[in-house]
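The first chain written gets the first letter, and so on, giving A, B, C and D; residue counts start at 1 in each chain.
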Amino acid sequence: MVDKMRIAVLTSGGDAPGMNAAVRTIAVMGLAQGHEVLGVRHGYQGLLEGELTPLTLSEVNGISRQGGTILGSARSKVFPTEEGQAQAKKMLKKHEVDALIVLGGNGSLTGAHLLAKDRPCQIIGLPASIDNDIGHCGLSIGTDTAVNTIVEACDRISDTARAHRRAFIVEVMGRHSGFLAMRAGIAAEADAILYGEAKLDEDDIVDRLRAILQRSFAPGGYKTRALFIKAEGVEVPTKRLVKRLQYHLEKDAPDVDIRETILGHVVRGGRPSGLDRCIAQRLAFAAVSACEAGLHDVMLAWQSPEDAGQATQDPFVRIIPIADVLAETTKLLNGTSPVVQARIALLKKAENLLAL
Amino acid sequence: MVDKMRIAVLTSGGDAPGMNAAVRTIAVMGLAQGHEVLGVRHGYQGLLEGELTPLTLSEVNGISRQGGTILGSARSKVFPTEEGQAQAKKMLKKHEVDALIVLGGNGSLTGAHLLAKDRPCQIIGLPASIDNDIGHCGLSIGTDTAVNTIVEACDRISDTARAHRRAFIVEVMGRHSGFLAMRAGIAAEADAILYGEAKLDEDDIVDRLRAILQRSFAPGGYKTRALFIKAEGVEVPTKRLVKRLQYHLEKDAPDVDIRETILGHVVRGGRPSGLDRCIAQRLAFAAVSACEAGLHDVMLAWQSPEDAGQATQDPFVRIIPIADVLAETTKLLNGTSPVVQARIALLKKAENLLAL
Amino acid sequence: MVDKMRIAVLTSGGDAPGMNAAVRTIAVMGLAQGHEVLGVRHGYQGLLEGELTPLTLSEVNGISRQGGTILGSARSKVFPTEEGQAQAKKMLKKHEVDALIVLGGNGSLTGAHLLAKDRPCQIIGLPASIDNDIGHCGLSIGTDTAVNTIVEACDRISDTARAHRRAFIVEVMGRHSGFLAMRAGIAAEADAILYGEAKLDEDDIVDRLRAILQRSFAPGGYKTRALFIKAEGVEVPTKRLVKRLQYHLEKDAPDVDIRETILGHVVRGGRPSGLDRCIAQRLAFAAVSACEAGLHDVMLAWQSPEDAGQATQDPFVRIIPIADVLAETTKLLNGTSPVVQARIALLKKAENLLAL
Amino acid sequence: MVDKMRIAVLTSGGDAPGMNAAVRTIAVMGLAQGHEVLGVRHGYQGLLEGELTPLTLSEVNGISRQGGTILGSARSKVFPTEEGQAQAKKMLKKHEVDALIVLGGNGSLTGAHLLAKDRPCQIIGLPASIDNDIGHCGLSIGTDTAVNTIVEACDRISDTARAHRRAFIVEVMGRHSGFLAMRAGIAAEADAILYGEAKLDEDDIVDRLRAILQRSFAPGGYKTRALFIKAEGVEVPTKRLVKRLQYHLEKDAPDVDIRETILGHVVRGGRPSGLDRCIAQRLAFAAVSACEAGLHDVMLAWQSPEDAGQATQDPFVRIIPIADVLAETTKLLNGTSPVVQARIALLKKAENLLAL
């Protein structure tokens, strides 16, 4: 028997496919256990403005399949300030919230950790970000769907590229993390994958891609298209790369064009994949249990094999203090994390081979 | 009993989903009737270079589902010149081609009509273009798939737009025709559709979109996102529109952002829809019959109700002289065709209502 | 200026993708014109029970992309009876309905025609049925999406069939019409298409398919799978065909298996295609205009080129008395309609060639 | 520097999406390292018949996106016999194969282990099976795609079920393992998941589902459909369940129907998901390294956190003796493995809550 609680849930930052599946499971499981479940509208900004309303079973019925977030998200400039924090805590007290579950990426988890100070209520984080750039987290909610969307777009681009013997640079989201570029690049048979963590010099990039183009479109070659995936985090503008490579192509392979495609917000939405819905629901399930267990200032993570954290009854879900998550995130993003280093090492070896 | 012929097929211009389904049916039906069927590689350029090789059943088996074109396409600067024409005719003679089937858009059909002069062999055109900008043609091969791809992208964008109460301008292909923007815009519940045929002034566009944004995001309004679809053919750059509207939004609805997405080459590829495969195969079927019937310098069109042309045994397929197609195309693109005028009139009435 | 009306809309019979897009446009356009718009829940049964509630803009916002129908559908045994008719008319009066728009297939349109007697209010029909079996109607709402769903399933089945050199019989919906089987079969590169209209004898079917299997899997053949599409309306059970063909295969090609797949309700749901959303919205737009014009006991049809009917401002939409629709439907389903005869004649010629 | 080897690859058993991505990476990496790479056609049967031919870069270019297997698969009754084994070894010698990479499920890995005896050459296994029923393997190649396909089908079925307030039993593949049913069931918001491992009695199943139906369709309830996912491995025929539940519904909720859908071979094919292409390529990459390292009679596994095995340079890939894999598989399938027990325990707790 668990004590009855009042649990609130908010979604914050960029939306990620699977957020709705998590919101539904929190509501369904919370209500089944006899708790009250409140939805906070429009992220932290809505919290400040007191937009907390009870979630009903009817409202969450069938939402797992929807992209975006039915709760809405929003940026708040006030929330991180001292006044914002005070106001947020006041609202949590006013609405008698026992536990707040926050779904979001690094910014949102930083906010959750800040809010956790002085424990206005229990704070539980769930990692939701298409970029998979959160520390101690194998796959964040939304990443798998985003990879599928990028791969599908690359398949389409490959169709037209092959029809014309063309090269394409496809830029994908991921300002601080090359994960999406890497995973989608491998899946899409990319000829090169460019990511910020490699800290490549513009001339080096051009030289490398030019060499690949020369090999790919050499007379008698078997390739009929070249595909380069570039993470947003690579500082050289895509247009500049295209221009410089076009210049070289005029000599190297005059019948070949190079084009760019920026896959922007298209990648953020869409029906969540089976895996994302599954991850979201299992994390949400553990989040309600974590509320009941009195946990505070922790995140629940879809476990990666290298990962630390405390076990749950779900072998794939671990409990990690948000402070540890944020510390590890810093290492992930500045490239000092062994996880990133292993990823890059593996990819370097593979790339030398794949760009045959 | 038909005389045995040597039929060649080439794909030219921008590739369109469904081209492969047409190529397959031409090969399968041609071979079934006892003809020889040659594939010309890389469009007119390949014709000049004599890249004509027999198409086998094995090679075309299962290709209907593939985007792009297995024959390849390419631009040729030489083909439209006098030398180019002479060389093309020489090659057709050399390979003893009795009939050439050309799949492509307006440029390719113009080329076909040019080549038809002096009848080096029978010339049959098939309309393939995602833009649906070809005269006397209800739907060209590739249009239906492109609409579906755009609608799917708009659905994804709507997910994230609704999560953040955002506005988006989505730019789609169609330099000379707003058809894609119109059809996809209706299907995607767009709040406004911008197309070049309307010849709108920049200030008028800004005023109209601003008014929609004010209504859409007014306090107490039911809308949670605004979606504007803009055809490539509208001369005002999308970035400029976004900038000007952002400026207004700061006063009108400070918590609302406006973003842009350019759907470029992603729209060109992909698995063809059922309808595109069906149109492609029925046109291809009629094309082989047209070869056997000795027709020359004509296009086969998926019939639209207003359309002229000679009947075939397929009630949805008509035979139209390419010269007539090109003349009608001019009217379509300069907006004097009644087809375009009816389309615009209908859309105007609808838009006034739909952008509630 | 139009007089303000009270317009009700109901969806009936099997649901079809695109119904929601039509419901939304009826609501949006109706409300924009100053009318009241009521949604009838659960089809004719809900009408009998007085389940008419106002439709709001908020409720229909974004529903175009959803399969199924937000209004619900249901079968009613009482509605066609004398008491049912009296009760329905009583409810229409009680709720002061000026016009009722009915979305559905043949059964639902028959019901609409029955109800139209004595004009309890204006009755307008919209054709919605995945089977495309409605008279004087080029494409009914839902057909295009259903074709795409079947084609995609056949593509998947072809993958596994090619891996194992297998034959498949895929049974698709369409008890009274082979349209889905025909169109999807062409698009999916089927080796044979079986439909009830052909009134084939079981032995003839077996002989024909056996011959195709022998050719397809003959040593040295280029085919790696055989695909037969069978409409529900063919009387021989699929299992029986599989069993008989398996028997022959043991002699003819012992390493080849034949399997069956029944594509049932999967084909009914799913996100509507761009075309279905477009057809639905344009028909709905015309339906509201038809209400305003005082029309009664008519259906609006997405025009097919052979079709009769009165023009609207949309060149692709025609107005046809429901009585004429039902008379033509009878001819469609018993095979005496020239439309069906042309379709079968064309397919027969094609099939002889395609099953190379 | 590695010694040049002759590496052969074969795909066996039921095909799984991602097999082609693995075949491509084996070919690309093998050739890049200077090895010869042979493709064995039609599985073990093709090995017996000496169907080994060199794989070229051109042949594997772009195949990662294709479902099925370009190498073909086939059942062989002879291979497991003594004569079969001798013949297979003879062929491996004759073609001077240094290492054979086998992609397939439990049957294929059992075959690989048998063949490994006396080491006719190095034998390396890669787990490919949509059922995810292979021991010591987190996710086998093809599972993720199959889950997505099932979830998409359930979404479609939910559309039509909600339109009519209906219940559906959806039967999915997995004769020996309920993994697909479990994962897809969670993702699709199923109301109950039935799997063979639970060894449920027919009456217990009926009682449980009936209780869910009563709750779901009680007057005033929020549910508009019920969805039950049933693994093939549950012994009670789906038709029987439907019949018995229909009987109860007539009393409990006379306006509600229950229907069945068997998702058969549709689930096996289709474009592989990003994750499946990624898993396939990373396992294939490690497989070539394992060949070079002289490993024998081992399988490479996409690591699950509980898993044993030897590390590779890819943190997510482990090396496990095939004998250990087969022993663990036995425990997985008879339900004594802690992995299965944890899965069932978690699901039981969740199901009690989810079927609110």
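Just so it is clear, a residue touches a chain if its C-beta (ideal position, glycine included) is under 8 Å from a C-beta of that chain, and two chains touch if they have at least 3 such contacts.
Source: prediction; values computed, not measured.
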| item | value |
| --- | --- |
| Chain-contact steps, minimal, separating subunit D from subunit B | 2 |
| Chain whose average C-alpha position is farthest from subunit B's own | D |
| Subunit A and subunit D, separation of their C-alpha mean positions in angstrom | 27 |
| Averaged-CA centre spacing for the pair subunit C and subunit A, given as whole angstrom | 40 |
| Distance between the centres, which are taken as Cα means, of subunit D and subunit C, whole angstrom | 35 |
| Of all residues in subunit D, the ones touching two or more other chains | 155, 158, 162, 224 |
| Chain-level touch network, classified as line, ring, star, complete or other | ring |
| Footprint of subunit C on subunit B - complex, ascending | 21, 24-25, 28-29, 31-33, 56-58, 61-62, 64-65, 144, 147-148, 150-152, 155, 158, 162, 183-184, 186-189, 222-224, 271, 273-275, 277-278, 281-282, 285, 303, 305-306, 313-316, 339, 342, 345-346, 349-350, 352-354, 356 |
| Interface residues, subunit D side, partner subunit C - complex | 11, 14-15, 17, 42, 66-69, 72-74, 149, 153, 155-165, 168, 224, 255, 259, 261-270 |
